[in-house]
Amino acid sequence: MKREDEQHLPMSAPAEDLVQIVRQPIDPLALMNHVRGPGDGAVASFDGCVRDNSAGRATLYLEYEGYEPMARLKMLEICARIRERFAIHRVAIVHRLGRLEIGETSVFIAVSAAHRGPAFEACRYAIDTLKRIVPIWKKEFFADGAVWADGEIPPSGNPGAPAGV
Amino acid sequence: MKREDEQHLPMSAPAEDLVQIVRQPIDPLALMNHVRGPGDGAVASFDGCVRDNSAGRATLYLEYEGYEPMARLKMLEICARIRERFAIHRVAIVHRLGRLEIGETSVFIAVSAAHRGPAFEACRYAIDTLKRIVPIWKKEFFADGAVWADGEIPPSGNPGAPAGV
Amino acid sequence: MQVKVLFFGSLREIVGRAEESAEIAPGARIEDLFAHFRERHHELAPFRPSLVASRNQEFAPWSEPLAAGDEIAFLPPVSGG
Amino acid sequence: MQVKVLFFGSLREIVGRAEESAEIAPGARIEDLFAHFRERHHELAPFRPSLVASRNQEFAPWSEPLAAGDEIAFLPPVSGG
């Protein structure tokens, strides 16, 4: 469901979508403002932040590492998938890398739409898919050591086809 | 699922929740920051904003009117219901009344949780329930007239029992 | 006995006021209070099926008896959000 | 022919480098390239079942043939978000 004033844009133009990998603090307000337009009635957002514990073990801080160019491509792929599946207007996805302290935002996703249903569903789909297919890794530092977080094995082996959801 | 450091708070203490009815612009960042604590890994937000059209008819602006003390009570009831149903940490719900221009935020909801599932579900539940039970009314102004928006008839007649969802 | 009555949205526009006092007989129910206003404002009648009532800021059945000093509101379908 | 190989997370720590060049025989597949590194770093072996491979920044099956100049990465389970 595209707005009237967008009908002349080519279908493949997510030019308005915002995908970034950054090493500085994320500004959620800028992203929420980026996605909203006059035809929108809803902006759903997800803010992933650093918890002070992992399964009860006290976390000191996290370090995120990414395969940056591929991560960007996968985040763009998420935007494209969202546009195919949900009646949304615009998407912003930003992931931070490097050392993050407790309470800091590691990922922020904002999705605008005329109606709240698609905005919520697309936002949820975006973070669920990001955690499955975007090549980023988190190392958790504890008082007595550090571990690479248990992750998810991305669906693969069938390049070109959309990874199953 | 309460955090360790909250176990001594009385069950009925949503003292940390924020419920407001305002007549000035809403500050989403303040609300997102209000709900997040060190035990949170997720903040889900919903921003309801004024669309430039209603079923294709161009909207000039909106006016919101509320039964303020009862609306506050119902918003607090939503917070309480959310705490019962979802493993969340903190909730903020703010609704604006008066005249709102296109693009402005009429309602903002933020919910924090250790994990994203409950944060998303509680946030969605909050806006869905707000639209059904909170006594607030929206008048839509068009170039050629104004109408009170079609609304939802709140479940009633059984006070004390939670309104069905 | 006296009760306070609040009108919102379309009802407020019909009645021309957001708040009224009403003197009603002991034993009267919310339904009777609505009838009292419907007699003075016939345009209220068609709204009845879509209204819910509140008593002291909580939803209440139309059959609920009133007490002196009650704050009653007749609420059109809500459209916040 | 030569390909570029990238290592991330736990694999980067094992190999001790984020990037390597490898000289491999024409016709080699991604699986063969991994075997090449596994011979030099035996600690890589137990990771194999949980890894996926990428070729030129897209997921690729282990059986995919390599071409000169390819950028190959061995990706541990992802844990962004």
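A, B, C and D are the chain letters, set down in written order, and residue numbers restart from 1 in every chain.
Assume contacts are C-beta pairs under 8 Å (C-beta built on N, C-alpha and C of every residue); 3 or more make two chains touch, one makes a residue touch a chain.
Just so it is clear, the model here is predicted, and its values are computed rather than measured.
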item: Reaching subunit D from subunit A through chains that touch each other, fewest steps; value: 1
item: Mean-CA-position distance for subunit C and subunit A (Å); value: 49
item: Centroid spacing, where centroids are CA-atom means, of subunit C and subunit D in whole angstrom; value: 73
item: Inter-centroid spacing, subunit B versus subunit A (mean Cα positions, whole Å); value: 24
item: For subunit A, residues that touch 2 or more chains besides their own; value: 48, 127
item: Pairs of chains found to touch, sorted by chain label; value: A-B, A-D, B-C
item: Parts of subunit B lying in touch with subunit C, wherever the complex brings them together; value: 48, 64-67, 69-71, 73, 95, 106-107, 127, 130-139, 148-159, 163
item: In the complex, subunit A residues that touch subunit B; value: 28-29, 32, 36-53, 102-103, 114, 116, 119-120, 123-124, 127
item: Of all residues in subunit D, those that touch subunit A in their complex; value: 6, 8-10, 12, 50, 52-55, 57-62, 64, 73, 75-81
